[in-house]
Amino acid sequence: MPQIIVEALAKTYRVAERAPGLAGALRGLVRRRWREVHALAGVSFSLEAGELLAFIGPNGAGKSTTVKILSGILRPTSGRVEVDGLVPWEDRVRHVARIGVVFGQRSQLWWDLPVIDGFDLLADIYRVEPAHYRRRRDELVAMLRLEPLLDQPVRQLSLGQRMRAEFAAALLHDPSILFLDEPTIGLDAPSKLAVREFVRRLNREQGVTVLLTTHDMHDVEALAERVIVIGHGRVLTDAPFEVLRAGVFTERRLYVDFAGPPPDLEMEGVAVRARGERSLELAFDPAKIPTPKLIAAIAAKHAVEDVHVDEPPIEEVIARFYELHDAREA
Amino acid sequence: MQAARPFSPRPYLAAFRARFQLMLQYRTAALMGFATQCWWGAIRIMVFAAFYGVNAAAAPISLADAVTYVWLGQALLALLPWIADPEIGQAVRTGGVGYDRLRPLDAYGYWYARTLGWMLARAVPRAALMLLAAGIVLPLLGLGDWAWRPPSGLEAALLFVPAFVLMTALGVAVMMLANIVVAASLNERGVNAVLTPLVVVFSGSLLPLDFYPDALRPYLHLQPFAGLVDIPFRIYFADLKGAAALQGLALQAGWTLVLVALGRLAMERMMRRLEMQGG
Amino acid sequence: MNALALYGRYVATSLRAQAQYPAATLMLTAGHFAATAIEFLGVFALFNRFGAVGGWSLGEAALFYALVNIMFAIADLLTRGFDVFGTDFVRTGAFDRILLRPRSTVLQLIGHEVRLSRLGRLLQAFAVLVLATSLVPIAWDAATVAIAVWAVAGGVALFAGLLVLQATLAFWTVESLEIMNVLTYGGVQAAQYPLNIYAAWFRKVLTFGVPLACVAYYPVVAILKRPDPLGAPDWLLPLTPLAGFAFLALALLAWRAGMARYSSTGS
């Protein structure tokens, strides 16, 4: 029995229109116009306990709307949702006691309170049994290396520190499901790595079900086996990432470092994607030109210092995917 | 200091317009503010009516004039400097005050234009609505006794024009001083805590100044805030006329000049201090 | 942790945060004291110039003034979260976080912030109460104290209900909330004078519409042990604060309707 069930989820908003300029502002005093926005137009998927799912899509695709509906904040226009047997927006108090939610760049902790005081207050709010709370808290503090930050007011923390504290805060009450809405946005590289590592451990070692929305494709690469791409309020694909990639590009990338300036390469089935001072990035289809043959062909004619083969960069895969499905930013 | 530049009003006009337009977008706020003020006016008038009903002879002005005073006060409430410009408080909180030094403008003039735009944008729609409601609709409903009456005669009407201009200029000058203190002290709430009771009482906004005990009258009429409400309104219904009205205008103008001069001085010192501190 | 204990925690947290800035808190309290005290200056000036009104002396009017300010000050202390609901919770989307916690939204909002500075109004009201007691003079016995406390309780409920309604409006538009000041601050402005000085239609509004008269007029008449100039029977006078509680109950129903709307339209 899946832990999370989403069926034919739809959500439509009415938005007021505003004309620009002074004349428009004055006109706005008298008459208003509305238009309908279809944020979600039939989304279906399900999640088993302990799964980790990445939700990606261009801005305005409906990712945040889905997360809000799943967490019980928002009521859909139509469709069915069940999380752990509960309908999120109908059983709000019971439902939110079982989930943790982290919004990127927004902290639920109290701005002026020291981190530890915020944790204690949350424990009271979530009615966590004191001994259990202390154990859980110490465990999370150790995992996220929050020890030196505990006495500082949240407003004094850097964004990376705040997000680590935020993760701890979201998990103090031991939820079995974690929703992450753009959790690494704005973080520096070490913090992103720390967050990804933490989420991976949480999912693999503690079996927490994770649903993650993100724009950062490296989050996807690091964490997700399963990816759902949303565009214009619809599911475009629901598959492991490799399947998605294969559906977009059959090509591979060859990165060649030359001893001198890179040559003008004219080879059949090979496209130059980028040119550096002493390097080239080439796209080719290994089905047409096997990789060793291509390397040998180039090395035979030019002074090659180093070669490196890889999949196309993940951002390109996704961008191309959006293009193919006409799913660019709404 | 700064290199001499030919004076161009464009940036000041742009600042004024930008603020004005922004405020106009909040149309519901304008309507609600208007409704609120109708109510405030109505309560004040009902209180006056009750007291006048007991002992009208004790009053320094007629009930009709008191009613007009109240409606004028509500209509023009946005021109009363009872708080510092909130945008300055915001700039202080976000650390944006220093940016004004980077612009090739006279800082005082720039802030003055911004605050003037803010005040007028809030005042114009409400004053227009109030005029409609209290000046036109009430008499049409047969409640002319409780209406906002037109100025008492040609002289009063003519004198009210400069009085109005001066009350606005003075109001902005007062607010500018408050703005500068807020920017220098970084304490918006503290400044407002002092400013509000002072201005509300001494401008005549709470009660026309002549209602306070007679012994205080000479002092109340001379202090700077009198020019914000009491003087221009009494000119309007000719409680101040002829030479007395001209004296009132002179008082408004004089205090405006003094406060502007003080403001410019304080602004320069603050900006210089910011330069030295590195903003 | 049950609701009451959690509320205590919230209050303690809020007070501790303000205690970190004692000078600022003190100054704000003094400022609020001054801003509210000038209203009594107006009352005093008018009585000083015109003499008694509505059959009440300055001292008696002061009792009306003091009690309505006390009840509003207490409600103000309790409902900060509702007061800033539109700007601090709906507009910013912070209300989402409140919904994500397994607690009643009302509890979280009344625990949001307890501003010590609002004691300024309470202090000036008590000062005026002392003045009233000495001017009239008022003999405080068990009965009159009981009526006063009961009236204040009803008044706190009424003003709290008004603030809940104001916050409920924010679910529809964040920009129209100023209108509620008509009822909250406007209510205090109106009721700081004995309500019988107003015309009949206004008194009816203040009795049956927003039942200010039920908390700020009739009980006070009972305390002053005078027959009601408007002719209400003596036995009715002490019961009227019930209306304040009824009003709060209705406001909370509206709040629930507002929340249902929020969950449909989002932030």
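The letters A, B and C name the chains in turn, as written, and every chain counts its residues from 1.
The rule is simple: a contact is a pair of C-beta atoms (placed from the backbone, for glycine too) under 8 Å apart; a residue touches a chain by one contact, two chains touch by 3 or more.
Quick caveat: nothing in here was measured; it's all calculated off a predicted structure.
**Student:** Of the chains shown, whose Cα mean is nearest the mean of all protein Cα atoms?
**Tutor:** Taking the mean of C-alpha atoms per chain, the most central one is C.
**Student:** By mean C-alpha coordinates, which chain is most distant from chain B?
**Tutor:** Farthest from chain B by mean C-alpha position: A.
**Student:** In whole angstrom, how far does the Cα centroid of chain B sit from the Cα centroid of chain C?
**Tutor:** 29
**Student:** Averaged over CA atoms, how far is the centre of chain A from the centre of chain C? Could you give it in whole Å?
**Tutor:** Computed from C-alpha means, the inter-chain centre distance equals 47 Å.
**Student:** Let me have the rounded angstrom distance from the C-alpha centre of chain A over to the C-alpha centre of chain B, please.
**Tutor:** Distance between chain centres, rounded to whole Å: 52 Å.
**Student:** Along chain A, where are the residues that touch chain C in the complex?
**Tutor:** The contact residues of chain A facing chain C are 13, 65, 68, 71-75, 89, 92-94, 96-97, 99, 101, 103, 106, 108, 110, 112-113, 117, 121, 124-127.
**Student:** Which stretch or stretches of chain C touch chain B in the complex?
**Tutor:** For this pair, the touching residues of chain C are 24, 27-28, 30-32, 34-35, 37-39, 41-42, 45-46, 48-54, 173, 175-179, 181-182, 186, 189-190, 193, 197-199, 202.
**Student:** Spell out the part of chain B that touches chain C in their complex, as residue ranges.
**Tutor:** Those residues of chain B that touch chain C are 26, 28-29, 31-33, 35-36, 39-40, 43, 46-47, 49-55, 58-59, 187, 189-190, 192-194, 196-197, 200-201, 206-207, 211-213.
**Student:** Touching chain A in the complex: which residues of chain C?
**Tutor:** 1, 5-6, 9-10, 13, 17, 93, 96-97, 99-104, 263-266
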